[in-house]
Amino acid sequence: MSTFANLARPDGRAFNALRPVRITRQYTRYAEGSVLVECGDTKVICTASVEERVPPFLRDSGQGWLTAEYGMLPRATHTRGDREAARGKQSGRTQEIQRLIGRSLRAVFDLQAFGPRTIQIDCDVIQADGGTRCASITGAFVAAHDAVSGLLAAGKLTASPIRDHVAAVSVGIYEGAPVLDLNYAEDSACDTDMNVIMTGAGGFVEIQGTAEGAPFTREQSNMLLDLASDGIAQLVAAQKQALGV
Amino acid sequence: MSTFANLARPDGRAFNALRPVRITRQYTRYAEGSVLVECGDTKVICTASVEERVPPFLRDSGQGWLTAEYGMLPRATHTRGDREAARGKQSGRTQEIQRLIGRSLRAVFDLQAFGPRTIQIDCDVIQADGGTRCASITGAFVAAHDAVSGLLAAGKLTASPIRDHVAAVSVGIYEGAPVLDLNYAEDSACDTDMNVIMTGAGGFVEIQGTAEGAPFTREQSNMLLDLASDGIAQLVAAQKQALGV
Amino acid sequence: MSTFANLARPDGRAFNALRPVRITRQYTRYAEGSVLVECGDTKVICTASVEERVPPFLRDSGQGWLTAEYGMLPRATHTRGDREAARGKQSGRTQEIQRLIGRSLRAVFDLQAFGPRTIQIDCDVIQADGGTRCASITGAFVAAHDAVSGLLAAGKLTASPIRDHVAAVSVGIYEGAPVLDLNYAEDSACDTDMNVIMTGAGGFVEIQGTAEGAPFTREQSNMLLDLASDGIAQLVAAQKQALGV
Amino acid sequence: MSTFANLARPDGRAFNALRPVRITRQYTRYAEGSVLVECGDTKVICTASVEERVPPFLRDSGQGWLTAEYGMLPRATHTRGDREAARGKQSGRTQEIQRLIGRSLRAVFDLQAFGPRTIQIDCDVIQADGGTRCASITGAFVAAHDAVSGLLAAGKLTASPIRDHVAAVSVGIYEGAPVLDLNYAEDSACDTDMNVIMTGAGGFVEIQGTAEGAPFTREQSNMLLDLASDGIAQLVAAQKQALGV
Amino acid sequence: MSTFANLARPDGRAFNALRPVRITRQYTRYAEGSVLVECGDTKVICTASVEERVPPFLRDSGQGWLTAEYGMLPRATHTRGDREAARGKQSGRTQEIQRLIGRSLRAVFDLQAFGPRTIQIDCDVIQADGGTRCASITGAFVAAHDAVSGLLAAGKLTASPIRDHVAAVSVGIYEGAPVLDLNYAEDSACDTDMNVIMTGAGGFVEIQGTAEGAPFTREQSNMLLDLASDGIAQLVAAQKQALGV
Amino acid sequence: MSTFANLARPDGRAFNALRPVRITRQYTRYAEGSVLVECGDTKVICTASVEERVPPFLRDSGQGWLTAEYGMLPRATHTRGDREAARGKQSGRTQEIQRLIGRSLRAVFDLQAFGPRTIQIDCDVIQADGGTRCASITGAFVAAHDAVSGLLAAGKLTASPIRDHVAAVSVGIYEGAPVLDLNYAEDSACDTDMNVIMTGAGGFVEIQGTAEGAPFTREQSNMLLDLASDGIAQLVAAQKQALGV
């Protein structure tokens, strides 16, 4: 991929460079896990709330649950968006994202071992510069981990139900070149946008690639997955550093 | 992939076999394009309606639009589902699917050439045995093609804005083996489920792969994409045969 | 009424002729009763789903329930209508019709004998050429009958709770003449439109007559009820033939 | 019908007797027409508001419009009902009734002659003892008449667009006998309930008959229509007396 | 305050004069308490309904509850307002008012002594000339009192849970002068509008003062509270006279 | 008030002490004004967005508008609250608060001078420890001020439409003593809660006092208003310091 070394990205990064990642734990006071995750100018508050009950469809199953909601402050973006609460419904995009967050975290959770309780993840974007769903997943994992640590410390769990890390990153074809971790300027102009979600062990949890302009080839798909794998390894390292594990 | 030749699929198909595909044009009387698409026991009515106007965000742009809605009859499935109209909102799943259908068809449409009109796709599942979103896309393409043919015949368009075929198929890891075109029984039990949308020329429009159970590997991902490419070539052939082109 | 023998109806029928009726049982696979009813170009899928529970207001009453929902595919009609699920609510017309369908079927059901279970009727119009509510009732009866037969065959019921047939037909004053079974062209242009629902024994379950233009007279009302009685006798015969009883 | 002379009705009326009717004009201050209509213990405030515009579907048609809304105070009834505004939607019953009121009044209105303005009828039940939709129609006619008189007096109309009176009454089979103007106790216990809407000239605008219990016969239908005709003649007389015409 | 004696109010009242108050009990038949309260041309029907249950958040607490809903007939006002039930939601203003009514009455209710039952207040404005929320509170107290009297008479309560009267009045700065009990004309033109809710003993339950134009001073605030205290003493006297206590 | 000097407040403050106030400007990147306001543990992001249009009711009036929306992250509080966007409607409390914020800021804005544009305020609570509506108003003023400064700098305004500062604080009766700036623990336990909104010049914009327990006296009201005046003077000073004016 060295042929892309001369690509001029809007913020000067190399094609295979992540934006600076910052993970701040205990960002707010009350949640069992509370994280501010920053990927460049994208900033998301991720909280994990523990509730000692499960949704109706799991009642009496002994199994736990983890689910997620996602929102964006109206002025997280360049121009103000509608407040979904005022409009009276969540957009299709919001629903897609929150379903993705929940699915991704459940992929590394042993819900049976978690017992009849629920982790409710909330990801609220306070500033958006592309990649909010990926940042949400990466941050939510840390918040959920803190919530589980609290349950372990309190003796409510004897072993962690978390089987592996999970993190997410976007990749795309920008000006003909594969790039890692698109910001908003790149995301708006790219031909292909792919969100990749992987475990710490390098397994794929989710791949969502979309041709915004021209269709993409199998070869491009391969280059994108390579980039994503590298990026996620760095994100998992950042999670570990934040967690001190 | 010959190692999967002995896999026992619930309906006896080979791992790389599509279900029988049937595309019936002019299924209902009034729509500009109306198709019943059947993929095994999955049956979807796809209609394309032409409206000589565009949504507000395209007003005065000269460009056209194509959008899609998706629904399922309450008893298309083994147990009755809620009627979304009665419940007063579309589920997140429904919104995800209808956004995907619209995006997929727009990928092969030259909306600038289409002019200030809209094609409204409606995909309504009357019987569901897995793969309803893929069948919807495959059928909707034919309905949209018929609608465009009508505009050409009426002299409202002088050249087709359709640049290529588009079709969709699901693939997945079922009992450890990659399989093509999952039915409901396989879909419910599979480890990984991937929806792949490609053009007639073999470009990728969308890849959506999800690990329902264990994460999947890069090698598995490659096998799935191979299977999908083969399947879509057959679906495009079925579209061409139905259209007589 | 021989004076109306020379009336020119849009489709050439005699003033007292039904459109061709076709009732196809087992139209879809999963429902306990599934019928495609066709009255000319009006086509409705009617399914009956059995659920072993009752709504809250009947809990502990020992009595069963039968209720109905109605919908129309957006492009069942000449111009596309809004999708009610997308708009977030059912229209007043839809609610009127589904209440009517439920009431009509309950009129021939012994709900006490049916026991604490519910039949949920779904009537979905896939093509509309007038008379969709009447076709829905006529078809839903057959679907409900099949659902009951299934319960009898399974030993869950020892005697049928169905006391009589029920069917529906529209009549109206078109170009000054009483006509049976109006299609859309007639329905749009008629002065009076009356929906009549009767049992196999000839009792009235519901009469809903509306003057769209000039008020109608008692004499006209009598002529319309005569026509309807004849039409319903034929529809009940078609139900019996379809059911093989 | 003399055979029904000995029927014991809950409030002691003869089978063919209306409840006392009272029509109070100018009941509230601001509406162009404002009427309190009382039929026994049923009390409805009917207002007619004139707006110098028409709904979008009539724009540039030159034609006017009349439409109606209906509501019931939560404690108009024996036990408190939900407030529809709080629940966030109108029930199917409410929608049925308000559509009926609008249709009935439009039947005697020359909307072409009325010009590009709208009469908005509001019928709000403050006390309900059966027959609220019929009382609403009877009262709304008087409110609309007052609103038209105001337009005539102001020189905005030169001739009345009202072609005839319209009024409504319920009839039913109670304890085997046909009765006129059912109160709540009768309505809850009757076998057949029929709402009949007629013009001053005796034409039928709407007949809505429903078998709540056993189906009804043609002979019963005839008796009910006779009773209704007599009742409506008295209601039209009450309207005329209230209007001083 | 004698300096304001020459102020010309639209309806000729002295600056410190209430509009005529009329409280009619047993206004409708079915509610446990039913009051028509008239303050000048403002007319509100207030009903109190007793239900032998409590909302979920009080279950098993032994405590009772009192809550209120508020509505306005669409044509209670000079120009017709939207019907909230048709629009599908209550306005912010409606919600503010009904929360205020509930809070005000609960301030004089011993909910513990009331036991596990609920009083549901409904205030429906049939004619609005300013001060509808205050009239609602003043009238609702009487309706609730009647409902409690019924429970005492029926032996369901042995002592009244009502600790004191509560009533409400608006005051404001109109043309520079403090005035009591603003009508609509004054309310629309005033600089400051304050709603004051007090007990029979003269304690404040709620003060809500808003500068519509220029901010108000501490001195003005004091004058307004003086006026309000006088007004409320008269309203409490009117309540007592209506109740015959 | 020295008698209250020994009151033990939960966080050790004197009865007349504010919590530490911190106002951070330019908290997020995109909004024309963006402020993080912290009052102790209460933290609110306030943004001001400028839009070059006005709502329909002001079209062609030449006047501008300022309006506000308010929200709370689900886990801003001790136990997680429902996400209003997911529930599909804003609570009555939310609507009350956002109406109050808008009204308060408009009180110091010359909307005529502002011209045909809108300032949209968004207040989103990320951590709640009592007094969120007051903190929102205090912070929103600074955000709006920054937005106006931007318009002045860009030459779109030649003079500021802001006539004075506005800030808000809560006061209450806690354990019998008047206290300034209640935190959540005090707010939950207090007898009277009063929100006071004042201008920099000391005029009252809004007083909202509520007896949660026992009614409050005129003397208590006076003490509370004194405390509030002192507190607001300090908040206005903090605003000025943050703005460097």
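The first chain written gets the first letter, and so on, giving A, B, C, D, E and F; residue counts start at 1 in each chain.
Keep in mind that, in the parts below, contacts are C-beta pairs under 8 Å (C-beta built on N, C-alpha and C of every residue); 3 or more make two chains touch, one makes a residue touch a chain.
All of these numbers come straight from a predicted model, not from anything done at the bench.
J.: Touching both subunit B and subunit F, which chains are there?
T.: Looking at subunit F and subunit B together, the chains touching each of them are A.
J.: Could you give the fewest steps needed to travel from subunit A to subunit E through chains in contact?
T.: Minimum number of steps from subunit A to subunit E: 2.
J.: Among B-C, C-D or E-F, which pair gives essentially the same interface as A-F, with more than half of the residue-number contact pairs in common?
T.: B-C
J.: Considering only mean CA positions as chain centres, point out the chain farthest from subunit D.
T.: Comparing chain centres, A lies farthest from subunit D.
J.: Just the number, please: Cα centre separation of subunit C and subunit E in whole Å.
T.: 51
J.: Indicate the whole-number Å distance between the mean C-alpha point of subunit A and the mean C-alpha point of subunit B.
T.: Here the centre of subunit B sits 28 Å away from the centre of subunit A.
J.: What is the distance, in whole Å, between the centres of subunit C and subunit F, each centre taken as the mean of its C-alpha atoms?
T.: Computed value for the inter-centroid distance: 60 Å.
J.: Hunt down the residues of subunit C that sit against at least two other chains at once, touch-wise.
T.: 88-89
J.: From subunit A, heading first to subunit F, list each chain in turn around the ring.
T.: Sequence of chains in the ring starting at subunit A, next subunit F: A, F, E, D, C, B.
J.: Please name which positions on subunit E make contact with subunit F in the complex.
T.: 89, 92-93, 95-96, 98-99, 103, 107, 194, 198-199, 201, 203-211, 214-218, 221, 225, 229
J.: Help me check something: in the complex, which residues belonging to subunit E touch subunit D?
T.: Subunit E reaches subunit D through residues 28-31, 34, 41, 43, 45, 47, 49, 51, 69, 71, 73-78, 80, 83-86, 88-90, 94, 120, 122, 124, 126-127.
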